[in-house]
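Chains here go by letter, A, B, C and D, matching the order in which they are written, and residues are numbered from 1 within each.
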Amino acid sequence: MTGTSGAKADARKRIAARGAQELREGMYVNLGIGIPTSVPSFLDPDVSVVLHSENGLLGIGGFPAPEDEDPDTINAGKEPVTLAAGAAVFDSALSFAMVRGGHLDLALLGGMQVSATGDLANWRTAGKLIKGMGGAMDIVRGARRVVILMEHTAQDGGAKLVRHCTLPLTGKGVVDRVITELGVFDITGQGFVLRELAPGTTADEVRGRTDAPVTVDMRRPWGAAWN
Amino acid sequence: MTGTSGAKADARKRIAARGAQELREGMYVNLGIGIPTSVPSFLDPDVSVVLHSENGLLGIGGFPAPEDEDPDTINAGKEPVTLAAGAAVFDSALSFAMVRGGHLDLALLGGMQVSATGDLANWRTAGKLIKGMGGAMDIVRGARRVVILMEHTAQDGGAKLVRHCTLPLTGKGVVDRVITELGVFDITGQGFVLRELAPGTTADEVRGRTDAPVTVDMRRPWGAAWN
Amino acid sequence: MNKVTDAREAVADIRDGASLAVGGFGLCGIPMDLIDAIADRGVHGLRVVSNNCGVDGWGLGVLLDAGRIARMTSSYMGEHAEFGRRFRSGELEVELVPQGTLAERLRAGGAGIPAFYTPVGAGTDLASGGIPLRHAPDGSVAAHAPAREVRVIDGAEVVLERAITCDFGLVHAAVADTVGNLVFHSSARNFNPLCAMAGRITIAEAESIVPSGTLDPDHIHLPGIFVQRVVRARATTPKRVERRAVTAP
Amino acid sequence: MNKVTDAREAVADIRDGASLAVGGFGLCGIPMDLIDAIADRGVHGLRVVSNNCGVDGWGLGVLLDAGRIARMTSSYMGEHAEFGRRFRSGELEVELVPQGTLAERLRAGGAGIPAFYTPVGAGTDLASGGIPLRHAPDGSVAAHAPAREVRVIDGAEVVLERAITCDFGLVHAAVADTVGNLVFHSSARNFNPLCAMAGRITIAEAESIVPSGTLDPDHIHLPGIFVQRVVRARATTPKRVERRAVTAP
């Protein structure tokens, strides 16, 4: 858990790998920018999910070879993609009808802060120029299950799992689960509940690096397949 | 103007023929059930308009020969129709987005009563079983111009152009013009204004058969082509 | 992922009192096989949202005739004799809604928009609550539809309309693929995409079913995310024409 | 009826201060030729509604760089340096809107729905009015976006969002016919149909134009009633990719 970029990359990989286990057969899933983008490479090839891209695609395939790029076929990160078998294309209003109407089973998103009551801040920081919220406010409010994939602490060591968010909110009471390199945390009526502990850490370390109470109620070893 | 069915048919034909002159090149038009249904047969073949059917068609053509009927291609009156060149098909929400959003240039509809302030009653009578309003409430509110084609008086001789409607309203303040077998009436801030008088009648006869004040401000002879 | 099943299986969890959003306009684009399968199940007290209620003995008329429908939300009942009799006798509650408002309420339900304002019906008894909802056995009006909230936006009077969602959406498509993407044919599209969106579980019957990946992604009318079950429509079910024009247009 | 014209003619009545709904997501599906034609006209003070504002020197960035845009309504400005500079310096007013809310507001404008409730943004500074709208020359915030009306429907807090209509809609299609029916290609569809609906006068540029009657009525993405003018896009206008993936998914 040092500040080196190697450790950081390892942490992000660990989070993405664990995040991939949230995806189950037949789910319709939206993956946000950041760590969630790399989730598909950790996905069990036997698990077939349908990836939603909020600019108007359902059934995103892999990235094309440079010679096969179609500038008309991009994902929400504005990168050229391919369409998987069974894909469908639609306009932005129908795309967010899917989102807002509760038709997405799951959204995996990045985060800056998550509060003990499930508030999420991930669209702007106090000092920097605002870039805009894009579709994040819609997705956190609409997806049936919202799981945040983020490093446990900020670059400066500050806690990202907090009692109350200090950054402007993307959504209030919207997060179901947080996955960090230290563990898996469910948001419950009693705040953060540690469900899985990553190898090489302890509940005490988790508590020390979390700015809110953490209840320990472990259900399974880190990364055990969902069922 | 006797009660015989021949005179009634003549009156309805006269109204439809005059109604057809409301349609001008390039207009998007919705035709209601009743007299408006027969308007296309009186249309100048050089005038090309696009007919909207609220069940989800734009560009209605003529009726098919029996052997060419497609049960999947019907108009709002539930009769099989053909599609004209340039036709488009869409769902009911987009169909009424066109209507409500003010994209139709004109609606020609039947009526039971029209008031001096442009209120329209055409969906239910007091005594009979309610059949439902269908799309009438949407169309009268949404079309940019609403012209009512109806006989000047009811079967029992009662006035249909009235000071205030006594039947339940389809829309309040929605009618721009009424065409009857006696004349063409615009609804203005001053109530009914007679713009054209049908051959063989007089302003006095019109006044006698209208249950509201009628201002006479004739602009052109009956049926002169619009321009 | 394969959503294909048969009609009996597809409707097996539709229970007494369930709410159904049913596609079709008149007899055009109606899910006739699914309606038959529900009739075979013998459920009662259904609350149905559909622009019309079929005719005597066909379409939703099959369920109505058998006394399975307790409540209809529709824009038009037309000349359907048994419908009128049941409404007038108090056996059937009917919420009448302007056709475009009905379409928009179903879309809103599917799109997570809980309510919207519309100018349609402002100044009429739709807004003031004067439309009969239920009759007493003696034919008098026992209850009226509730009044709408009214306000002025940009100088125009508008009414508040609520979204409609249903336990099940039942729709008819021309083509489905195995993951539930749908293509409709001509004016048989009508309310079908909207009813599919509004159903928490949507069952689509299709005249043909093709493998996933067969349909052009640009030409799918309704993406499979809105469809949970796909059924092959019987080739023997006729398509009926409700009316024929008596005059040339 | 023939709606085909050329780009210069099509934009000739766009005047200073006009509002424009412009299709596209990032650089995908943007009406680049129409943007160039507007830039050539030299109008100022444009109020533009578009999900993004292009990049430096491309897409709406062309108008922004030239100082023609007074106000943007967008969901995301990204890394667009000149956009940030103008916003921070007070030269540009920016209304930030969640992407789905923006799409729905444009559709509502086109569909005659003056306002709707949505749960999106409830409990955030979108609802409470805390998002900067305009900066002062010194970089401080001169005005915040107005707070939304908030109410509770079915137990959930929702905010009132208003429809958006614009003087002009500007869109890019793959194919148009001469009466304005449009077909889009892949994710270049995005906001284009909605911007077309929201424009009082909508101008579509299309990569190809075919005679009326050529397109399959079932496969038209946007009916011509929403399109007043059609322009052939120049074959020489490149389509640009904004980003390339650095990792395989």
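In the analysis below, a contact is a pair of C-beta atoms (placed from the backbone, for glycine too) under 8 Å apart; a residue touches a chain by one contact, two chains touch by 3 or more.
Bear in mind the structure is a predicted one, so any value in this text is a computation, not a measurement.
Considering every other chain in turn, the ones in contact with both chain A and chain C prove to be D.
Simply put, of B-C and B-D, more C-beta pairs touch at B-C.
The most distant chain from chain D, with centres taken as the mean of CA atoms, is B.
Averaged C-alpha coordinates put the centre of chain B at 28 Å from the centre of chain C. Distance between chain centres (mean CA atoms), chain A to chain B: 56 Å.
A straight line joining the Cα centres of chain C and chain D is 34 Å long. Note on chain placement: the centre of chain B and the centre of chain D lie 37 Å apart, centres being C-alpha means. The set of chain D residues touching two or more other chains comprises 104, 107, 111-113, 118-119, 185-186, 189, 217-218, 221. Multi-chain contact residues of chain B (touching two or more other chains): 57, 83, 89-90, 93, 96, 99-100, 142. Inter-chain contacts, as defined above, occur between A-C, A-D, B-C, B-D, C-D. Contact residues on chain B toward chain D in their complex (touch as defined above): 25-26, 28, 48, 50, 52, 57-59, 83, 85-90, 93-94, 96-104, 142.
Only residues 104, 108, 111-119, 153-154, 156, 158, 162, 183-186, 189, 217-219, 221 of chain D touch chain C when the two sit together in their complex.
Those residues of chain C lying in contact with chain A across their complex are 1, 107, 109-113, 177-179, 181, 197, 212-213, 215, 217-218, 220, 223-226. Note for the complex: chain B touches chain C at residues 37-38, 40-41, 53-57, 60, 62-63, 69-74, 77-81, 83, 89-93, 95-96, 99-100, 119, 129-138, 141-142, 168-173.
In the complex of the two chains, the chain C residues touching chain B come out as 25-29, 51, 74-79, 84, 87-88, 96, 98-104, 106-107, 118-126, 130-132, 174, 185-194, 221, 239-245, 247-249.
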